[in-house]
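Structure, as structure tokens:
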Amino acid sequence: MSHPKTAYTPATHTTPPARFSHGVRKGNILQVAGQVGFLPAAEGVAPTPAGPGLREQTLQTFANVEAVLTEAGASWEDVVMTRVYLTDTAHFVEFNEIFNEYLADRVEVPGARTTVYVGLPAGLLIEIDAQAVLG
Amino acid sequence: MSHPKTAYTPATHTTPPARFSHGVRKGNILQVAGQVGFLPAAEGVAPTPAGPGLREQTLQTFANVEAVLTEAGASWEDVVMTRVYLTDTAHFVEFNEIFNEYLADRVEVPGARTTVYVGLPAGLLIEIDAQAVLG
Amino acid sequence: MSHPKTAYTPATHTTPPARFSHGVRKGNILQVAGQVGFLPAAEGVAPTPAGPGLREQTLQTFANVEAVLTEAGASWEDVVMTRVYLTDTAHFVEFNEIFNEYLADRVEVPGARTTVYVGLPAGLLIEIDAQAVLG
């Protein structure tokens, strides 16, 4: 017998650009796909990142991750790993401030994290994915 | 008592360049190592990526991931996360077309995905790893 | 009922630069955060990478991952996935030699691995994270 697999798609989310799910659970593992700082989806409007700066885009990215967690009945407390993709090492200090501020009241035992610097499509400064263990 | 750990190495695969396994299962987790678009291993021939373009290399990379899944008795339906490493943001649209086409008949509930742009060894345009939850 | 979540922080480790844990376990999953080659923490001294070269920094990075595993009662044998972030493709061959040497007596069934090339803060040549399955 195989565990069922369930996809989670918050109503606020833009449609994924390909055949993947914003969040999926199988067994005890909930995986949130790489989220970026797109504003809530609006019909007829192309996906648009929050702005103008790193702060707004980061907070929107966190909100998008959290929306998937919530949709799956999970919270940041269930998250064991957050992968942060930044595009500029100069953003590290400000990002950490926002990260700490955002999670301050959301998590008691912080999960692990890896932060690396990669390329992202034009206009995107940050991407975050997360894995939670449930049950 | 600890779960046994099992390595999976498809016969078609080139030997890993270091002490790691193409696929490994422990407990309910099956992890497929980062796969690239190398053609099936041939004795005395250095690992060679499929070509000439992104399409051929991507399809070979998918086939290499799938070979590990199959060897472990798993399928794309068990995969909760696919990590895609591309080298050029200009490849995103074409990659998504190939991704959708490849998975169309292979998965009912799509897993999550993260795509970022990194550096890879010369000649490689793409690398993909995947995590499945079994049992 | 939810699995408890436990953070692991080896005494030798520098304080994380933000609200995350060097290692965390929930259920059967132990996740080690991205480790770099910082020398053991010393009071009043800023985090300093081992040097002068790739070898020293890599070995220190491995030691830092291992310290988290040990703190959590785990070992390399429990690790199913190691993610290696290098900054220069020219380091691949030497890195693999060190990787093989380090793991030679530490693991019987090697885990999976993905290696990609990214940007890291100045002075850092390598970052590694790892996921283990326990129980």
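Here are a few things to note about the model shown:
Order as written gives the chain letters A, B and C; numbering starts at 1 within each chain.
As a convention for this text, a contact is a pair of C-beta atoms (placed from the backbone, for glycine too) under 8 Å apart; a residue touches a chain by one contact, two chains touch by 3 or more.
Owing to the predicted nature of the structure, the values given are computational and were not obtained by experimental measurement.
Put simply, subunit A has to spin 120° for its C-alpha atoms to lie on subunit B, with the angle rounded to a multiple of 5. Both subunit B and subunit C derive from one sequence, and where they touch, under half of the residue numbers involved are common to the two copies. Averaged C-alpha coordinates give centres for subunit B and subunit C that are 23 Å from one another. Contact with two or more other chains is made by residues 28-29, 118, 131 of subunit B. In the complex of the two chains, the subunit A residues touching subunit C come out as 28-29, 77-78, 80-82, 89, 92, 96, 99-100, 103-104, 107, 109-118, 131, 133-135.
Against subunit B, in their complex, subunit A makes its touches with residues 2-3, 5-7, 16-29, 31-34, 83, 85, 118-122, 127, 129, 131.
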